[in-house]
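One chain, chain A, links the two complexes that follow: it is found with chain B in the first and with chain C in the second.
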Partner chain A sequence: MALDFSIILRFQDALLLGLWMTLKLTLICVILGCTLGFLVGLARTSRSVMLRTISGVYVDFFRGTPVLIQLFWIFFCLPLILGIELSNLASGVIALTLYMGAITSETFRASLKSVGPEQLDACIALGLPRRIQVTNVILPQAVLRAIPTLLSNCVSLFKESALVSAVGMADLMFVGQNISNNTAQPVEVLTIVALIYFIIAFPLTRAVSLIERRILAKLAI
Partner chain B sequence: MTAPITPPLVRMQSLHKSYGPAMQVLKGLDIEMQPGERLVVIGPSGGGKSTLLRVMMGLEKIDRGSITFGGKPYISSDGLDKKTNIDTEVRRSIGMVFQHYTLFPHLNVVENLILAPCKVRKERKSDATERAVGLLTRFGLAAKAKAYPAQLSGGQKQRVAIARALMLDPKLMLFDEVTSALDPELVAEVEQVILQLAAQKMPMMIVTHDMWFAKNIASRVIFCAGGVVVEDGPPEQVLGSPKEERTRDFIDRVFHIRQ
Partner chain C sequence: MNYSFDFQSISFAPLWEGLMVTLELTAAANIIGIVGGFLLALLIMSPIAVIRLPAMLFVEFFRCTPAIVQIVWFFYCVPMLFNVFLGSMTMGILALGFNLMAFNAEAYRASIQAVFREQIDAGIALGLNPFQRILYIVLPTAFRASIPVLLTNGIGIFQQSALVAIVAVQDLMYQGKTLATETYRPIETFTVVALIYFAVSFPVTQIVGYLERRRQLLMS
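Moving on to the complex of A and B:
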């Protein structure tokens, strides 16, 4: 059997539309998810037992269950509970944001913990008030240290977002599956779809190690 | 002629400190320090020297005892509840440099120096920067003003840390083995800076294992072991011809030489 990759030309527009949906979904969830993760990361290191418990349960739940089930749950159960119809995009955004929030909160928590106690000693010896200790010393270091892992988290989210095709969102994966069903050329179509994912994800994974080296070089004291 | 009555700069009374019930580190220290004195604290490792300085800096709670600074109450705990009262206003007049590097790695040298003056004393950034550059120049670090801590040698980092503490015009400086993490060839440049401060009559409390430095910087030496002061006197006595057996043993063992 000869492979015919020329079908990409026929379905170019559909694929681009799907890619646009994937990128849009990823970007929105990166922004919302990182914000959520940052706040949850703070909550997990806070002094309040209640904040720590609630945030801990949330993170454990979303890290410990398959994303696909989370998606189904948000798409089909949430509207029943809330009693309102959610658009596909809204449901996808909610589901992946909650997932991304749980993942990145761990990243933020680890980077917050990596700021050593001697930095706090120095702050106290300099008479810095608590608020300045947090905003000018701890958070900037924690965020800098978090950047490489956060980028990896974003790449993962970009790839995981393909799961929304299972609940009928017209993302790149969904479009690819449709084309492959209609053309009966799954090998060519899915290879092309995989290549598109790769072309976007690969430079990002490369950037991660580059940035990591830069940041480590800067922060190593 | 009668000398004016000035209160001691530091008066520690019955200082008790433990890390948990099984780890009693300071067992009732009474130390007085007069204005202008440079107190060198020596003693075996694990004897509580760092703890003493950390308590003095207000970094550790105490179990019992009190410290006054310049005649004013500074730290106290009555031993009944677990509370240690620390006057943070008084604490601002004390500066400390640690054994391990504690510069802020995400800030360059000048930013490290001006953070506290700008945020605590609300000094104008341009004024603070001017003072910072002045101090750096004095310490031979003018060229490093814009460098990040990771780009500095250990000796440079410690000199920057000293300059950072001086930006707040401390009335007392604490130095906890500030050269022991350094390569030997970098020790002198840091000690020179501290000797410079001594020449300007900066009161200081210094923990060191460097015999030469101890002799040159101290106006008084205290030998601490087992959580108490074993011997206290002028450097010639404590380092040269100690009265106490335990001091003699320690000095023989650690410094090898004795005059």
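Moving on to the complex of A and C:
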């Protein structure tokens, strides 16, 4: 069969709009999700049993169910339960933020745990107050160690964001599917859409391994 | 809120059928992923560039694009490009299986690299040929070391398999969507469907956690 990729040029504006939506959604959810994840990570190591249980159930549930069903649940059920109208974007942001919060909380928890007990002992020996111990000793090391995994969490989020097309949000995947249905040239359009995702995600995954190998090795932590 | 819950209207028979389809997809994709992933890992580590580069491209492509794009691409483009028309179930299994192959190949690669050089030297000293060395030394050691990651990836595919509902394979997600529209009870239906997914994947993640803790104890 003959392939005609020039068709993409006719629809480049629509595809760019879709890409912009995907990037906007990813960026908002990265910021909100990392904040949520950090708080949940702290809650999971807290001394209060209730905080630990609630945050544990939240993380297990969001990691144990498909993102697609989380999206459907929030799109169709949250407005019914809350009794308010939610815009498409708001529902998408809520769903993906909750997903991102669950996966980054595990990252933060692991990196908080990786700060050795001798560091805490040193803090105590130096007579540092609890607040200083957390903000000046534990936090910087934990965040630095979390960076590579956080970055790959961001790549996962970027990929999962394509799911919002299933509930009718006009992201890159949705625009691509629309164009391919209307032009009946799925091979060209879907291949280009896949390539766009690849071009953005691939350098990020390279950056992850680069950071892991070079920077962390140099800092020797 | 003034919504009255009604879990009575949900019939479990279609959900059960859907779960069976989902499990079938997961099992078949895992067979492809576990066997194919190892072969792919060997190709990635090959010293010959002509073999290595296409294999690496395959892995990176599947790891760096959304699974939903892969599945939609597979369903629309494979029949057009290659003129093959397979059942939707077979297509779903292949799409998910290739995705899992790419992720498992990375897991195998890490554990193949961790196989001690002395063991392979011992294999050479015993006069095993390269094929025997892979079969009797590298494969068993690497496979055992990769089990936690393989399980995590496998349960990941169980969750990703919900995506085939979009291309009308009648899995658990698809049955849930149909039931929600038929009964006008989206909250109850989607909650039950989510709980079913959770009930299957949660025990597996617990097993992975147990295996990893045990391995750390053995290593220390």
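Methods note: the second predicted complex is superposed on the first by the 216 of 221 C-alpha atoms of A that agree within 3 Å, B and C clash if a C-alpha of one lies under 4 Å from a C-alpha of the other, contacts with A are read in each partner's own complex, and residues count from 1 in each chain.
Assume contacts are C-beta pairs under 8 Å (C-beta built on N, C-alpha and C of every residue); 3 or more make two chains touch, one makes a residue touch a chain.
Computed from a predicted structure; not experimentally measured.
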item: When chain B and chain C are modelled together on chain A, clash or fit; value: fit
item: C-alpha centroid angle, chain C to chain B via chain A, nearest 10°; value: 100
item: Touching partner for A:A217 - first (chain B), second (chain C), both, neither; value: first
item: Which superposed partner A:Q141 touches (first chain B, second chain C, both, neither); value: first
item: Partner chain in contact with A:Q12 - chain B first, chain C second, else both or neither; value: neither
item: Touching partner for A:L163 - first (chain B), second (chain C), both, neither; value: second
item: Touch count on chain A, higher of chain B and chain C; value: C
item: Touched partner set for A:A125, first chain B, second chain C, both or neither; value: first
item: First (chain B), second (chain C), both or neither touched by A:T65; value: second
item: Nearest-approach distance, in Å, of chain C Cα atoms to those of chain B in the combined model; value: 17
item: Touching both chain B and chain C, residues of chain A; value: none
item: Touch list for chain A against partner chain C, complex; value: 1, 60-61, 63-70, 72-73, 76-77, 80-83, 155, 159-163, 165-166, 173, 176-177, 180, 186-187, 190-191, 193-194, 197-198, 201-202, 205
item: List of chain B residues in touch with chain A within their complex; value: 54, 57-59, 88, 91-92, 94-96, 98, 100-106, 115-116, 119-120, 148-150, 157, 164-165, 168
item: Residues of chain C that touch chain A when the two form their complex; value: 1-3, 60-61, 63-70, 72-73, 76-77, 80-81, 159-163, 165-166, 173, 176-177, 180, 186-187, 190-191, 193-194, 197-198, 201-202, 205
item: Touching residues on chain A, where the partner in the complex is chain B; value: 118-119, 121-122, 124-129, 132, 136-137, 140-141, 144, 217-221
